[in-house]
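As structure tokens, here come the structures.
Heads up, the next two complexes both have chain A, just with different partners, chain B and then chain C.
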Partner chain A sequence: MKFDTPATTNPIDRLKVVGKPTNRIDGPLKTTGTAPYAYERHDVAANQAYGYVVGSAIAKGRIASINLDDAKAAPGVVAIVTAADAGTLGKGNFNTAKLLGGPEIEHYHQAIALVVADSFEQARAAASLVRVEYVRAKGAYDLAAAMDTATKPKASFGVEADTSVGDFASAFASAPVTIDARYATPDHTHAMMEPHASIAAWQDDKLTLWTSNQMIAWSVGDMAKTLGIPKENIRLDSPYIGGGFGGKLFIRADALLAALGAKAAKRPVKVALPRPFVTNNTTHRPATIQRVRIGATADGKITAIGHESWSGDLPGGGPETAVAQTRLLYAGANRMTAMRLAVLDLPEGNAMRAPGEAPGLMALEIAVDEMAEKLGMDPIAFRVLNDTQVDPEKPSRPFSQRRLNECMQTGADKFGWARRNAKPGSARDGRWLVGMGVAAAFRNNLNGPSAARVRLDRSGIVTVETDMTDIGTGTYTIIAQTAAEMMGLPLDRIVVKLGDSAFPVSAGSGGQWGANSSTAGVYAACVKLREMVTEKLGFDAATAIFADGKVSVGRRSAALEKAADDSELVAEDKMEYGDLAEKYQQSTFGAHFAEVGVDAMTGEIRVRRMLAVCAAGRILNPKAARSQVIGAMTMGAGSALMEELAVDKRFGFFVNHDLAGYEVPVHADIPHQDVIFLDETDPTTSPMKAKGVGELGICGVAAAIANAVYNATGVRVRNYPITLDKLLDKLPDIA
Partner chain B sequence: MKSFTYERADTVAAATAAFARAKDARFIAGGTNLLDLMKLEIETPAHLIDVSRLALDRIDATPEGGLRIGAMVRNTDLASDTRVRRDYGLLSRALVAGASGQLRNKATTAGNLLQRTRCPYFYDTNQPCNKRKPGTGCAAIGGFHRLHAVIGASDACIATHPSDMAVAMRALDASVETVDAAGKARVIPIADFYRAPGTTPHLETVLAPGELITAVTLPKPVGGTHIYHKVRDRASYAFALISVGVVVQKDGTGRVALGGVGYKPWRVSAADAELPRGAKAVTAALLDGAKPGHENAYKLPLVERTLAGVLAQAKG
Partner chain C sequence: MQTPAEFELSRRGMLVGGAASVAAVTIPPVTAAPTRPATPPPATAKVAFEVNGTARELEVDTRTSLLDALREQLHLTGTKKGCDHGQCGACTVIVDGRRINSCLTLAVMHEGDKIVTIEGLGTPDKMHPMQDAFVVHDGYQCGYCTPGQICSAVAVLDEIKAGIPSHVTADLNAAPKVTATELRERMSGNICRCGAYSNIIDAISDVAGVKA
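Let's look at the complex of A and B:
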């Protein structure tokens, strides 16, 4: 099915199942520990051996020699894989560094060997007996120091490095009110609960990988390319994923090494990455240095807006697209954005929840707060004044929907924004300095082609099959809701099967494109199945109503399962997209509000309450969407206040590479959180009229908290995370 | 993890005798620290002697009016003991500020005192670390050292002792009771228990190999207001950036110990004496001779400000 004109009324609009707050259908499996995650799939292949990865001890250089004698002789060892004996390996389209390094070393903890043994403990013990001599080479590990060497990267995913409209330089120079400030965001790690893990088994030349992966088709392709075998010979299965946040968009060392290990050991092999490897072996969100310049008239109209961002990556990698939102968020006739990319020899930078916008808004939305203060305006009023209903770089393109102002105003009412004292450092609650902050949330909506197969059996059960993944977001449930709505069935008549590359190719989970895209694919397949049903029952397809387990036209009606009496009905289709996303700018919007207390003595910062107001198209499952947003707000609080990979600039690695050293918020950090969804539908996105929301939730959160800290203390920190050591010397004197 | 053998000791004598017999042995109590270190091959004992079920799990009154805390009393039980909560509130508060409920259920009094540093380089066997591998150097010096010691450190090691409980024990003048392999008992004041890193940061306490902690004793209660303020980057389940434990009497005198600043809980008698004069004077005395690096210099003003807050709170 091709979606190329805005949606009109369709069966989803009945909203009998879709749009209702719905418990996850996979919830009981997860809460009882019976949803098997990749490493726990003990029953899928007999005689599984354990692989343990050896990571490079240096960040850059070469392996001079590798001695496997002791490791090979260790108890239980079955096989050892290194680049020297793994045969010729390619590199996946989505990988920057090789997944199996050697003799060249590209980054710290790059995998250089896999030790396979009968037990996990034996494999781990033997792995420590692999003796490696290295020759270190000089690497670049310091973004600030490498800024001057940064170059203009080529466009990636259609995002140009530079844009320019009007004459930014002169407009900025002549603006009566300006700010020009520099911000820094650190490297972040995904820190998902489930580390990367895979089990591999070969049958002749056919490989099956039970893994934890967000993008099944990409990963089948990259696995085939890396191993140099046809895609058809690879099956990937990833039904449950313990979080990904972008860290599992691609195959990683666990998957490749499990496959190579299984080949060498001639039996199935399982590999999980130890926690430090999640940080230094896989991908992370790269640090940025950003410069934001805004010029405005005295009454607050933006006349010039400029945003530059510097980030680093391994050779061949890409930039963190931190200027992306600035191309679309505020009006202003003269504009420029630019990204520069330096070569850094740290582990590979890549996507993490809301890549681009998450760090970009961390900077931009502080700058907007600073500008409002300079103008003597309320930061909400300043944003509202500079709203735009068209793409400000290409004014002929309207936004399909844009209710940012309403998000701001609804939030202000609900949060009690009027009680905020605009003068920083003036609200006190005992020893706590109290402040409120706000920031805009913005993230583009993306759609991708997505296919599904639906089966109706004679007992009236509809089974959906698609290689879509549920990374903990609630995909199982919205897909079931979609099929239930389309076929006129209650939720318990729907079975959803996901994550298997044997199923039709979906959009996968990433970039907040999963929910709308995958359900649209199911919609398309269900439209086909409805046609088959009406044909079988001899009903007029155009007027048939599917409801309450029945199909009816006028007074004639038949049970749905009747259509499958002789044989199961199977329909498959794929939703594809025309050019609506070019005609209309499809984005999601929100407003984040935060209230913080800062201990006037110690500088400890505690978030007191948070509110998000989101306008993101039709909300398919308000319960799951709320969970997505509060999870994202929590992650945003982490990036505001504590998350930072500490870079060792001499040895070139992230030092705090476990969950004791890399702090993410715990329950005690997370206060009362509220989420409001504006009631809206966007007919330009798909027949579901939905958009993404899982990444919108993190966009702007950190800046709202940063602005609240400023409001509380009068101290402006432009260098995340905002830890107490950055406030201490500017807090009120102790008496 | 290296393969190891294991035995469970039923009596103190059996435990110390087993240690004397075995090569490269280690006692294991709750295992919450030792096991993690073994998995990473930071500790590689050949033999474990499980002391967790020794009959050292009681808290008894002493004839002097204090408490004798068995070495195997779990952190949770110690923190919730009514006598501890009433008379040694600082200890109870320090304990519950540490780790998580699950860990405190396992962690023992002896194990807590002997837990090892949280320096991230110590945890990464690819990095030089004099504490883990004597003579290899100290990666933290000149590296990431935001969490490290500001006082008492050496050119060989700038690690901190991470225990919260030990800070309270230090302020309360606890003593450590031990028995060695020959069955000889001794009592070590906590002030003398930890060794300065000097050139041998791998030697952390004055315990001899095989010397078993049997109890920690507290002298009779000193009254006063007990406050433990642990400062960290997140609200819970994190080690201290710094912590301040005080007992303050009505007349403003008292005692103060710090966590997160040095290789041991930090207490200086001259600083105690300054308490009536306030945070600035106390901090000056406590941290006299401090040598912070650029990433952890904030700990000095942080101590002073935290102490000021704590003293204000003590006044009520």
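Let's look at the complex of A and C:
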């Protein structure tokens, strides 16, 4: 099915199942410990051996020699894999560095060997006996030092490095009110709770991988390319994923080494990355240095807006697209954005929840707050005044829908924004300096082709099969809701099977494109199944109504399962897209509000209240969507106040590579959180009329908290995370 | 791995650190540590304990954590390995009524103990009230920290009932109450990267019969 004209009325609009706050259908499995994650599949292959990864102890250089004698002689060892004996390996399209390093080393903790043994304890012990001689080479590890060597990267995923409209330089120079400020965001790690893990088994030349992966088809392709075998010989199965946030978009060392280990050991092998490997062995969100310049008239109209960002990556890598939202978020006739990329020999940078916008808004939305203060305007009024209903770089192109101002105003009412004192450092609650902050949330909506297969059996059960993944987003449930709505069945008549590469190829989970895209694919397959049902029952397809387990036309009616009496009905289709996303800018919008208390003595920061108001098209399951948003708000609070990978600039690695050193929010850091979804549908996105929310939820959160800290203390911190040491010597005198 | 060599590398690096001329030619290859004897065959031991009401007897490598004994030998994979370092709480189980990180304790240390895992609290068909509350309040997303959160939550309510104070208990002479602040403090050893905290507190409060 091709979606190339805006949706009109369709069966989803009945909203009998879709749009209702619905408990997750996979909830009973997840809460009882019976949902099987990758490393736990004892049932899928007998005689599994354990692989333990050895990582490079240097960041750049080469291996002079590896001595495996002691490791090979250690009890229980079955096989050892290194690049020297793994045969010719390719590199996946989505990998920057090789997953199995050697003799060249590209980053610290790049995998260089896998030790396979009968037990985990034996594999771990033997791995410590692998002795490696390295020749270290000089590397670049310091973004600030490498800024001058940064170059203009080529466009990636259609995003150009630079854009320019009008004459930014003169408009900025002549603007009566301006700001020009620099901001820094540190490297972040996904720190999903389930480390990357895979079980591999070969049968002749066919490989099966039970793994933890967001993008099944991408990863089958990259696995085939890396191993140099046909895609058809690889099956990936990933029904439950213990968090990804972008860190499991690609195959990583666990998957490749499990496959190579299983080949060498001639038996199934399971590999999980030890927690301290997750940070340096896999990808991370790269640090940025950003410069934001805004010029406005005295009454607050933006006349010039410029945003530049510097980031680093391994050779062949890409930039953190931190200026992306600035091309679309605010009006202004004269504009420029630019990204520059330095070569850094740190582990590979890549997507983490809302790549681009998350760090970009951390800077831009502080700058907007600073500008509003300079203008003597309320920061909400300043944003509302500079709203645009068209793409400001291409004014002939309207937003499909844009209710940012309504998000702001609704949130202001709900949060009690009117009580905020614009003068920083003027609200006190006992020992706490109290402040409120706001920031805009913005993230583009993306659609991807997505296919599904639906089966109707004679007992009236509809089974949906697609290689779509549920990374905690609630995919199982919204797909079941979609099929139930389309086929006129209650939710408990739907079975959903996900994550298996044997199923039709979906959009996968990333870039907040999963929910709308994958349910649209299920919609297409269900339209086909409805046609098969009506044909079988002799009903007119155009007028048939599917409801309450029955199909009816006028007074004629039949039970749905009647159509499958002789044999199961199977329909498969794929939703594809025309050019609506080019004609209309499809984006999601929100407003984040935060109230913080800052201890007047110690500078300790506590988040007291958080609210998000989101406008993101139809919300398919308000319960799970709300969870996506509060979860993203939590991660946003982390990036505001604590998350920072500490770079060892001499040896080139992230030092705090575990969950004690890399601090993420815990229960005690997070207050009750509120989320409001504006009631809307966007007919340009798909028949579901939905968009994504999972990344919108993090966009702007950190800046809202930063602005609240400023409002509480009068101290403007432009260098994340905002830790108390950055406040302490500047706090107001204690009366 | 390479722990001794890594230390040596770092120490040498400390001496040259800051020198602008750090390059391959200035750093000789890190030499291998003297050859060590291969590890001896693993010591094994028998251990008997009760898991979810069933007596179990295992022969384990003495290095095996309780977590790995549960997951790899008994195939009770509901208990999760998130960090293997006692930093995340995903492996929380209840041993003799107290919650512990099962990754930080060896299986052989639990002779005669009564262990309750997530599988022992309830099943999909017969869920424990805490499991049910997590579903109703959507107190999870990816589900990987969830068994640990639920085991912790069940034990936390028992700890409060037993009068055990926490860091945020204001009056040590009074019985601690089930408040959101108490729950947040006591649950802080269980990390949820999906960020379901607000809903988890609602779920636990619901089971305790208080308003979050």
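Everything below uses one rule, namely that the second predicted complex is superposed on the first by the 732 of 735 C-alpha atoms of A that agree within 3 Å, B and C clash if a C-alpha of one lies under 4 Å from a C-alpha of the other, contacts with A are read in each partner's own complex, and residues count from 1 in each chain.
We adopt the following convention: a contact is a pair of C-beta atoms (placed from the backbone, for glycine too) under 8 Å apart; a residue touches a chain by one contact, two chains touch by 3 or more.
For clarity, every value in this text was computed on a predicted model and none was experimentally measured.
Undergrad: Could you tell me if A:57 is touching chain B, chain C, both of them or neither one (first, second, both, neither)?
TA: So A:57 meets both chain B and chain C here.
Undergrad: Taking the superposition as given, does A:387 touch the first partner, chain B, the second, chain C, both, or neither?
TA: After superposition on chain A, A:387 lies in contact with neither partner.
Undergrad: So, does A:667 touch the first partner chain B, the second partner chain C, both, or neither?
TA: Once the two structures are laid over each other on A, A:667 reaches both partners.
Undergrad: State whether A:272 touches chain B only (first), chain C only (second), both chains, or neither.
TA: It touches chain C, and chain B stays clear.
Undergrad: Report for A:136: first if it touches chain B alone, second if chain C alone, otherwise both or neither.
TA: second
Undergrad: Does chain B (first) or chain C (second) touch A:104, or do both, or does neither?
TA: neither
Undergrad: With both complexes superposed on chain A, which partner does A:576 reach: first (chain B), second (chain C), both or neither?
TA: The answer is neither, since A:576 touches no partner chain.
Undergrad: Could you figure out whether chain B or chain C reaches more residues of chain A?
TA: The partner with more contacted residues on chain A is C.
Undergrad: Just to be sure I read the superposition right, which of the two partners does A:606 touch: chain B = first, chain C = second, or both, or neither?
TA: In the superposed model, A:606 contacts chain B only, not chain C.
Undergrad: Could you tell me if A:128 is touching chain B, chain C, both of them or neither one (first, second, both, neither)?
TA: both
Undergrad: List the residues of chain A that touch chain B in one complex and chain C in the other.
TA: Looking at chain A, the two contact sets intersect at 57-58, 75, 121, 125, 128, 276, 650-651, 658, 660, 665-668.
Undergrad: Applying the document's contact rule, which stretches of chain C touch chain A when the two form their complex?
TA: 1-3, 5-6, 9-10, 13, 17-18, 22-24, 27, 29-33, 35-42, 61, 63-64, 68, 71-72, 75-85, 87-88, 90, 117-119, 121-124, 127, 131-132, 134-136, 138, 140-147, 150, 180, 183-185, 187-201, 212
Undergrad: Spell out the residues on chain A that touch chain B in their complex, using ranges where they run on.
TA: Counting only chain A, the residues touching chain B are 57-58, 75, 121, 124-125, 128, 276, 431, 599, 601-604, 606, 641-642, 646-648, 650-651, 655-658, 660-661, 663, 665-669, 721, 723-725, 728-729, 731, 734-735.
Undergrad: Mind listing the chain B positions that touch chain A in their complex?
TA: Contacts found on chain B: 1-3, 39, 41, 118, 120-121, 123-127, 139, 142-144, 146, 229, 231-239, 241, 279, 298, 301-302, 304-306, 308-309, 312.
Undergrad: Can you name the residues of chain A that touch chain C in the complex?
TA: Within the complex, chain A contacts chain C at residues 23-24, 26-37, 39-40, 42, 54-55, 57-58, 61, 64, 67, 69-70, 73-76, 119-122, 125-138, 190-195, 240-245, 272, 274-276, 471-474, 623-624, 626-628, 630-635, 650-651, 658-660, 664-668, 670-673.
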